[in-house]
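Input: structures, listed below.
Shared between the two complexes below is subunit A, which pairs with subunit B and subunit C, respectively.
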Partner chain A sequence: MNIRKAGFAPRIVMLLFMAYLLLPLLATGLYALARDWQDSLLPTAWTFSWFSELLGDLRFLSALWTSLYLCLISVALSLVVMLPAVFAITVYFPHWEHFMKGLVVLPYAVPGVVAAVGLIRTYSSGPLDIAGTAYLLVGAYFVVILPYMYQGIRNSLLTVSAVELLQAAELLGARRRTAFLTVILPNIWPGIIVSSLLSFSVLFGEFVLTNMLVGGHIKTIQVYLYQRVGESGHLASAIAISYFVFILMLSMVLMKLGRRMGGEVSK
Partner chain B sequence: MNDYLQLQGVRKMFGETRVLDHVDLSIREGELVTLLGPSGCGKSTLLRCIAGLAELDGGRILLENKDLAKQPPRSRQVGMVFQSYALFPNLTVSENVEYGMKMRGIARPARRSRCEELLALVDLEEKHDVYPQSLSGGQQQRVALARSLAVQPKVLLLDEPLSALDAKIRKNLRAEIREIQKRLRMTTLFVTHDQEEALILSDRICIMNQGRIVQDGSPEALYTAPRTEFVARFMGSYNVLTRAEALLLFRNVDSTADRFAIRPEAITLLREGEGRTEAVEGCILAGGSVHSVSVLGNIIRLTVDTAGIRLTVDQLNDGRWLRIQEKDNVTLALDPSQLLHLEREGA
Partner chain C sequence: MKPRNRGVILALLPFLLMVLAFQLVPAVSMLAGSFRQEDGTGFTLGNYLHALQSAYYMQAIKNSLLISITSSLIGIAAGLLCAYCITRFTSRVRDRLLMLTNMTSNFAGVPLAFAYIILLGNNGVFTLLFKQWGWDIFGDFNLYSWSGLVLVYIYFQAPLALLLLYPSFYGIREQWREAAALLGAGRWQFWKTIGLPILAPAIFGTLGILFANAMGAYATAYALVGGNYNLLAVRIGALVAGDVVTQPQMGSTLAVLLALTTLLAVYLNQRMARHAESFGFGPAAKTGSNGKVSLRLRPAVRKELGQ
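After this line comes the complex of A and B, so read on.
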């Protein structure tokens, strides 16, 4: 509704900005659908063959599937570990928060390349020889999404004043576990879903770490994309568009959930 | 002794700070006792210790002569209302009220009827299927009250329940809480930092300072006979005088106290040269000049400088003093029998 009131100049800037962001995407989209695009402004012939080739390619589907389950496992693992941990820290050991805040910034402080080299060196020998396996990747993913999960869960807990809700429930005769399940979890659930989806889409788009850690052994969608870019521009465009559509849908779900939660809180 | 709730030498430390320092208190059944004190005096911590939300570092808490120390909050039979309401946002009003009964395994029909009863008690019959977020602050606090009463606690703890509400709602709810408490004969501990609230609500007030109860008694007793300077200053706008100042104003005082206090309304104001001798019998007269005047509604509060001492004087706003101004000369009539002799702090 602000846009309607905005003046001419801001709207122009906005449009230019949108064009700047969307034009490459549009071009990619067109290229992915073009059969013949040599010396004309727009493609002269259209085709879905790039998409059908892509969808017919077992390697694409298996890469998509690999990405999907690796990300899902990592997010699920993070949820299982972080939810009780952050809950315990926020509610029972608030003096540890200082330490946690520092810990949670670390993944930002270490660049992907450095982390990858370090991880490979550490885990390619000794008792834990898991270099190049999915275990190492899931472990690395866990660290990558640590900040999102920690902040998301913690903020949800603080927004609903979990400590007081818990105390109120306990004084009304609930055991801690029952109190957690009946009055804490239902209230932080939307926030947790949002941070899980956010973590998922971050992991889904992750390339540097994945390629260096397991690029030769495990083909995620990003690694697959990287390998096929050189083959055919049309095909690469089709991959990029499919990937974009997937992330777009995920983001829309995220935004919808976020809005619903925001609405509930501000009501 | 038939004391219902007893605190014996309760101590609590936060690191090096002594938050509760040997608190002794006993409360009779059906009594409403207020813990009154400035923020940080330990009053909320004391409440949390009784509820089991904070652990004691020493002393005992007995409810009907049974030690509460080993019991977790859920089995103490203590109800609590929080300043921030702490209603469960995912549950409707009636689900909130029924929560405690459900946890105690009370059957659904019984829960239903008790919930209806309580919502009627707090005047919210219409609201049972509404979520707490869509209620006003005052309504939310009433739901919280109903919720804590639903499990028929032996003691009800109210932790500044009115502080988050605006003035008018605060006054209404204050009266309502007192009425419900009397009707149910609910043993209640009420924490507040507002002395007016404490005076109106309580059967008994305990004034706390730095982790101790410094004086306790009926509202009248506390207001008319504060024992220390802290209580005198906290309970009202008492004029606190040093020994030298008291000697200067009253010429002689027959005690060894070194702090004295006199209530603002115990000082009579006379216009200069006005000869109302009947009001001044036995009083000591002192000349002074008005420093400030403020009309508080039914009373007018003045500060008057006399012999280098600034005194606060309250006069009934009966029309006689409306035209008084700053720097006017007046005569004060001070009654020596109204002068309170204060004890040393911590005595």
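After this line comes the complex of A and C, so read on.
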């Protein structure tokens, strides 16, 4: 690993790059706190009123609530469905993993707008008319986070050598379900939490599917933000910044957890 | 043996059902829809012919391709430069920088478009400032046009390129550099004959991801230009769920075309990743704890989901 101090050129390049990346964020932050900001480098007057107005806005709170519970339900459903499935595949059908890899790469490779077309076609008529409902959205969300959940669960299973653990447990007389619940699950739990949080933050920022599938009926925080952008710039900045801070805290927790787990594994 | 199998099937069944219902059936339905006549019956290639002959749809495809290629190329150039620079720092500083990069990658889609409107929009802070100072460098610049879209796309492409590329730089051993120097190779010659060929699979693979990412980008473009700029992703959205008359068959056709390009690009990425791995220079080949790196990468890679 490189232990020398970085030269002059790399420092300048990275400094410029970071400035470029942080500038839009900074501007949004300043705009959210500015009372008035026109033709001057920095705002001339500051205020918290945009944030207080936001917190008093029932539509914002209900959008936040909608986002939270939709994401939570989707992640919980994904956990309940994926945990046993990935476990069964990793342990009993390792030769299926090739197929699984293809399946899991699909949501990566197929843009959200394309997925939405298929979903609208399938569910806007016929026997299962659930267009515009939360059921459809939760199903779509399930596919969106499929790659993260699959990879997270699979990696955790491989890191703790689930197959060997299971064999040892069975050798000692545990039944399979008992072994899964009392031996495997507690061991992979930290990894599961990390991938759940990651999935949650992905869903929290989802806009395409939400807007196309249920945009008119269900307002998540992203749809709400999109609708408010046209009305008041300052207010929209306040929403954007609150959203960003929330996601930031989430990813901090994620990184901490990830680092702790990384440390444990390398020990 | 029997009851055991039943348990395993019970574990797999919900998963298969969910994937079938929300991934495979919609995909097949979309594919079938693209071959349907306008009234929804029969089989026809007419939709594809229409899409490829219509100047309007071809313009959308062309615009999307151009923006994706341009933003990917600029993004990868910036990403390469930064990835090289970031490996020059100590690992502590490097991790800090990567964390910052990763952090800003959460700032995508609608909020990002909005931030750029504040900065460079018609009444943007910089637009007004530059006007006041009499600077004319942004004279021709219009955020709600091609140049603006490219600028905003680069904002999410460059960090993604950096995050995907930097591990590959650790595949280039310090010893090789020394050996090349001992044999009389200059810095430029080293990169031309050793460095870049080693990085090539990673570069092409990342290019595939960036391209697919830009082709599928919907939220940013939608929030920035709405229907005013003809882009494939936005066009599809309007055809299927728009306020105008919806044309589901045409939407399916364009969606299939879009999916083909992104699938191809991601396939290229997978091929290249395998190629790189077979040489032992795969991403994270020398970074020690694999899980840590991939974990750090994943939040960035989510951009592919069509933000």
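We take it that the second predicted complex is superposed on the first by the 263 of 267 C-alpha atoms of A that agree within 3 Å, B and C clash if a C-alpha of one lies under 4 Å from a C-alpha of the other, contacts with A are read in each partner's own complex, and residues count from 1 in each chain.
As a working rule, contacts are C-beta pairs under 8 Å (C-beta built on N, C-alpha and C of every residue); 3 or more make two chains touch, one makes a residue touch a chain.
Everything quoted here is computed from the prediction, not taken from an experiment.
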Superposed partners subunit B and subunit C on subunit A - clash or fit: fit
Partner with the higher number of touched subunit A residues, subunit C or subunit B: C
Partner chain in contact with A:Ala76 - subunit B first, subunit C second, else both or neither: neither
Touching partner for A:Glu164 - first (subunit B), second (subunit C), both, neither: first
For subunit A as apex, the angle formed with subunit B and subunit C - C-alpha centres, to the nearest 10 degrees: 90
Touching partner for A:Gly205 - first (subunit B), second (subunit C), both, neither: second
Partner chain in contact with A:Arg259 - subunit B first, subunit C second, else both or neither: second
Partner chain(s) touched by A:Leu61 [first = subunit B, second = subunit C, both, neither]: neither
First (subunit B), second (subunit C), both or neither touched by A:Val245: neither
Distance of closest approach, subunit C and subunit B, by C-alpha atoms in Å: 10
Residues on subunit A lying within both footprints (that of subunit B and that of subunit C): none
Subunit A-touching residues of subunit C, taken from the complex the two chains share: 4, 7-8, 10-12, 14-16, 18-19, 21-23, 25-27, 29-30, 33, 78, 81-82, 84-91, 93, 97, 99-104, 106-112, 114-119, 123, 125, 128-129, 131-132, 155, 158-159, 162, 212, 215-219, 222-223, 233, 236-237, 240-241, 248, 251-252, 255-256, 258-259, 262-263, 265-267, 270, 288-289, 291-292, 294-296, 298-299, 301-302, 304-307
Subunit A residues within the subunit C interface of the complex: 1-7, 9-10, 13-14, 17-18, 20-25, 27-28, 31, 37-41, 80-82, 84-85, 87-89, 92, 103, 105-123, 139-140, 142-144, 146, 148, 151, 155, 159, 176-177, 194, 198, 201-202, 205-208, 211-213, 215, 222, 225-226, 229, 233, 236-237, 240, 243-244, 247-248, 251, 254-255, 258-259, 261-262, 265-266
Residue ranges of subunit B touching subunit A (in the complex, touch as defined): 51-53, 72-76, 78-80, 82, 84, 86-91, 99-100, 103-104, 133-134, 147-148, 151
Subunit A residues touching subunit B - in the complex, by the definition given at the top: 160-161, 164-165, 167-175, 178, 182-183, 186-187, 264, 267
